[in-house]
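Next up: the structures, one after another.
What follows is chain A paired twice: with chain B in the first complex and chain C in the second.
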Partner chain A sequence: MTVGEKVGAPAGGTPAPGASGRRWLRWPEEAGEAVKRNLGLVGVLVAIILVGVATKPELFLDGGWLWNNELLILTQAAAIGVIAVGMTFVMISGGIDLSVGALVALSSVWCTTVATQEFGVGGMVFAALVVGTLAGAVNGLLIGYGRIVPFIATLAMLVAARGLAQRISGKLTQRVSTENRLIPDLSSTKWLGIPALVVILLVVAAAGWVLLNRTTFGRRTFAIGGNAEAARLAGINIRRHTVLVYALSGLCCGIGALIVVSLSSAGAADHGELYELDAIAAAIIGGTALAGGRGSIVGAILGVLIFKGITNLFIVNNLEQEYQLIVKGAIIIGAVLVQGFNLSSLRRRRSAAG
Partner chain B sequence: MTTHLPDLSRRRLLLGGTALGAGVLLAGCTSNESGDGGNGNSGQTNQQAGSNAEPGEAITIGFSAPAADHGWIAAITKNAEAQAKKFSDVTFNAVAAGKDVTEQRPAVEGLISQKPDVLVLLPHDGAQMTATGKVAMDAGIPVVNLDREFSDPLAYRTLIKGDNYGMGVAAGHYVGKKLKEQNKSNPVIVEVAGMDELPLTQDRSKGFRDALATYGLTVTRRQAARFTVASGQEVTSNLLSATPTIDALWNHDDDQGVGVLQAMQQAGRKEFFMVGGAGSLDAMERIKAGDTPLECTVTYSPTMASSAISLARLIAQDRKMDDLTELQVPKLIILQSETITKDNVDQYMPLGFRS
Partner chain C sequence: MTAAAEDVVLRLTDVVKTFPGVRALDGVRLEVRAGEVHCLLGQNGAGKSTLIKVLSGVHAPDSGEVSWLGEPVSFGNPQAAMKAGIATIYQELDLIDGLSVADNIYLGHEPQRAGWVRRQQTHDGAMQILARLGHAEIPVAREVGKLPAAAKQIVSMGRALSREAKLLVMDEPSAVLAHDEVANLFRVVRGLTAAGIAVIYISHRLEEIREIGDRVTVLKDGRTMAANLDAKTTPTSELVSRMTGRSIEYVFPPRPPARDAEADARQPVLRVEGLTLDGEFDDVSLTVGRGEIVGITGLVGSGRSELLETIYGARRASAGRVEVDGRPLRPGSVTAAVRAGLGMAPEERKSQALVLGEPVYRNVTLPTFERFASRGFTDAAREQAAAARVTDSLDLRPRDVRRPVRTLSGGNQQKVVVARWLLGATKVLLLDEPTRGVDVGARAELYQVIRRLADEGVGVLLVSSEVPEVLGLADRVLVMREGRLVHAAPAAELDEHAVLDLVMAGSLLEGGTA
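Up next, the complex of A and B:
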């Protein structure tokens, strides 16, 4: 029962020949499993397209239309996708952030006030990012140093931020002025044939992936989520890290707010309605455990695409909204069941090896 | 353990207080005043010469409307306040009605105990607030029911509401007439509805369907948004992708219409004409400018709050409406849904509301 032997028997298809001493293979053990899960999610996306082909062949078999439609889905998924990246970090660290929708509203309102718009596009971008990050940092302070349970702290922020957004905007929709047309125009711009907002989503997702999987910050996040006490004993400053993780989530909300403002050319206190549920559901489908310690950026993005793909499929088929919601719920349950199935088989194999 | 507790709670207090204070300070430092002096100019009714305009005995009008995050509701309260100010004999007493019936009921009951001369009430839900309306009526306070009607006519003295069904009919007639003029065979008609769980959305859709049927037309595609800008944008961009050519589009609400127009601009689609709903200032400006497919909107105006205040004043002072023969204010007034196009948009501009 050597260390090498234990490590050499992970679940999934990781070929671990010289596993002893190869640190990047030892961490995390479920690397192979994550890849399989993500492939499964890609399979679901393909299945959605196939259902579309079956129901509306005149549209889905037209290559040009299909390409534009998929780009549309990606554009609509950009805001929630960015938020889901931040949410994945938070959930991996063992917490949860219920306030993301309200932070999007607050950031969007703050960056479109008359005072902020006078500072031009740069001022608006700055305002949105700073407001999101600061609000996220407040979450982190309350949770890390204030020792308040994440659910409660972010719930309070959800209510407070929404109320503050309503106060600042007077419950009116704040249009982006024509001088700052650059931001709404971004939703119609394409860079190298890809919509600008989709490029932003991909850049944020890539940056998030690198941060999570290739830096010490990401490793610490996994450690805290996996076993907070062990991480603390290993010398990780949990409280400071918590603040950083929630601030990161807030920053993602700020970016998401800019995307929403770009798409709707307005900031409003009712932006981001129920975004937190979508982001959490996408993260869970992507393989992030609610308890922490496991997660995948790629999976979260794929989860968002699945939801938006379903919405698109239903609208193209002229189905009422109620069915979309029911199917969404079924997908979430299905994803968790499948995850649970994999996890239990993993436990069985571990006990067999040890 | 107990020795740690005071430390922690002090720290928590400090942190929480700092967070709160910082938030309040920052919120106070951001300004949102636009140059044109705010939105106070919307929706006052015209005071003609006539005995109704002359001041009568001093009265107090109690007022309660929901505190929703929708511009239309905000305009209701604003219009009511502005109209009450125009009368020298009226004291306006408004209570915050919160976000649902459980908050509105105690607020209104508190208002009733202050014994105003008349009560103007826009309930969160007409059926659920009927009992409260009855309490007021039984206490001798006449109730002017605004927009969402109580389920029992004994619960109000006068009901003034818009015509959701009529909105749909007006939109349907405009669309039908124009398509007949264009002589299109099998035109594609798309409907972007509001929140489907509200009966008013169902009424509007039914009116639209019935009016179109008189021209032999049907709605090709219908999807529900959530009265918000973001949902309007999302639903419409998916709809535009699903329907490669469209001939006419009716959007129930001009606030979500901001998002609808954005989606149309992003997709670069303008081969159809668009009809809006509710009559917001933004929509009227678009119609006047003529730079988007939006060329018409059918009203459901929050000016009904101003009218409600005027009626409440007459009821409290026991006066008749000027141009009517009868000596008392009518029991039921259903406002017409008016069609605004480029030809008459200037008349309606003063009545538009910022959404």
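Up next, the complex of A and C:
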């Protein structure tokens, strides 16, 4: 079958540990670098809390307040977090999705029209997810089969989807009717002490992690972003996969739209404004390469939490919001610089050792 | 000595340039006179490209002397060489498509005053230069990207003139031109030499050298084998024999006893019939038998790489069909080709074959990871074990399959690409320049691997511009020229001399001129 097959030969230097069973739980060896990076991001989160302790000790040292405050941050991070999961897939595949904010608006409006609301909660959820997924698939078709660069295709979708949302809603806020109270109520529901919206975020993130790191879909995403031509010549259908990746991002926007509708009890054409910037920034802070081929779901979620944590810190301290944006900008640059530094120093150490 | 010596503009004495593992130039002598067309002849790997790079200031020689206009010089960078009056026109013309003809001609030294480009002067100067080249009809305001290849070449030469170059180095300028355009190029070149400009002309086509050249210098293995031969009268057989018999230590695995050619033809694992890709190659038919290695050789631009890519489905053929084991392939689909048992190691390893940041095992399983997966979930442990098995069989070093491919040497990277096709049920392996950028030791190993694959029944179609490689490795050799297969014969019946002659459109075997 294969050349010079040696039965029982050691697997390339060191045998793979725990090769049998429980492979879902095993930490991938090649993820060592990502783990280190994510620990660094956790450190930043801890630092944010420590700054809170230093500035408002009476609040941050109160365990109950702190717990509720962190849950609040997580709740506020839910929509962007879910969208950042989709964005991470897109960016690892070498693309970018500027339309996510507009797709949130479109999905939120579509699922809260009078006609949709007549179908009940199930109909609303279905509408939000399908609209998001289809709009994302349109992005993917334009990019994969229409050969339009991702930046342009999704920029056009950003403009058009927002316009369609305004057309459908007549620029009016569409309140969720009392029969469908379940959706707004979700924002105040807790499961096992955890807000339901946070649970949704965690489930999406966990599913995204498994999809990215443990399935053929994720492998294709990395391969296409790492070298599209090599992937194509290895027989991977990169056009079809591009459509699926953008459709996945659209699906995440649909879920994000439901979270936004739940929090605001309404759908509106101005929902999700500038979400694309937050999602891209979170992915980049989390170590996802703009050029593709590298990225981490955990990192992206941590990136969202860092941003929301900073916002929270400013609010708690009654500081002006303008400074908060400046700090966030500095964090994006800092994260990229630190990652570049890590990689180059790692390489130097390697070449020195080998 | 007296009169001629004053004419000499460029003289190279014992120039040596080494790269890690390769002695690219190993004592080159060259003497170029003002107003002559000096031709450089040599096979791929003879050192022509390195020599050009030394002349144009890209590489500095390790030792030896470069004397320019009677003074020893060493150019630290391309700008210095340009300033001194040496202009190089590369095969891939380094023009900027989005800029106008005039802007391209004056690129880097625009007529200016206080940072403002003097547009009128640029415009007029470009017109004068083009008129000097006999091509006043090229509109100087036109974007270069909208010009045909022949006109671009003229613009490139115009740029050299705008720098007042005294030596023009032209690297296979005719490769991108149609036949009648070559005649025009020659007219322009003659105009330049009449004005006292020296030209170094590189071409693989002997009839061109005969027509335009004054003197010929032959390179082999980075050495000057013969200098200053007369381009018009030196017999072809002498030129070719100076280029052949390269001394690189190729170690080829023994070829199995002569194959039954008729049996191969009856039961081919790959059959290509009338395959055509407009503008690249025409009506190509060939077969590869089970366990047979078929080598294709030809010049750059003969259509050989395009042929492999079309067979593989990476390009969509204009006409013709490809069959694997008697079943036709869906045209233009790599996925279908891979499923049918085709595998390819493309020409550009890094840009076309490898995901450099990913570990070795993921590169090995790139086409096959789905076979290791169950219900869509990948199985990294099984992939690693399988990848380690095949890479060990190829003696990949270092042995750790979790290292990023980026950290491997060229030869080991090529092993990773070949290893990937040992995992699936590959029936036909298409290899495009499998040993490019691979050092001598790793080459021998790759040859062993390819032969072993064939022994196990895989059909191999090998493209290489290195004639000794094709002759030493293949069972059967096909020669491609200008998009057509012009000759096919068992490797044992050919020698380097005959193949080179066919490749370069000579006429020793065909008995006529091309």
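The definition used in the following text is that the second predicted complex is superposed on the first by the 315 of 354 C-alpha atoms of A that agree within 3 Å, B and C clash if a C-alpha of one lies under 4 Å from a C-alpha of the other, contacts with A are read in each partner's own complex, and residues count from 1 in each chain.
Basically, a residue touches a chain if its C-beta (ideal position, glycine included) is under 8 Å from a C-beta of that chain, and two chains touch if they have at least 3 such contacts.
Note that the structure is predicted; figures quoted are calculated from it, not measured.
In the superposition on chain A, A:Ile236 contacts chain C only, with no contact to chain B. Of the two partner chains placed around the shared chain by superposition, chain B is the only one that A:Leu142 touches, whereas chain C remains out of contact. In the superposed pair of complexes, A:Phe89 makes contact with neither chain B nor chain C.
Of the two partner chains, chain B is the only one touched by A:Asn318; chain C is not.
Comparing the two interfaces of chain A, the one with chain B and the one with chain C have no residue in common. Chain contact summary for the complex, chain C toward chain A: residues 312, 314, 334-335, 337-339, 344, 346, 351-362, 366-367, 369-370, 373, 376-382, 384-385, 387-394, 398-402, 407, 420, 422-423, 449, 452-453, 456.
Residue ranges of chain B in contact with chain A, taken from their complex: 8, 11-12, 15-16, 19, 23, 27, 30-34, 39, 68-71, 73-74, 196, 221-224, 226, 228-235, 237-239, 241-242, 244, 255, 258-259, 262, 265-266, 268, 282, 354-355. Within the complex formed with chain C, the residues of chain A that make contact are 2-6, 9-14, 16, 18-20, 23-24, 28-30, 214-219, 222-223, 226-227, 229-237, 293-294, 350, 354. Residues of chain A touching chain B in their complex: 59, 65, 68-69, 72, 75-76, 110, 113-116, 138, 141-142, 145-148, 160, 164, 166-175, 184, 187-188, 260, 263-266, 268-273, 311-312, 315-316, 318, 320-322.
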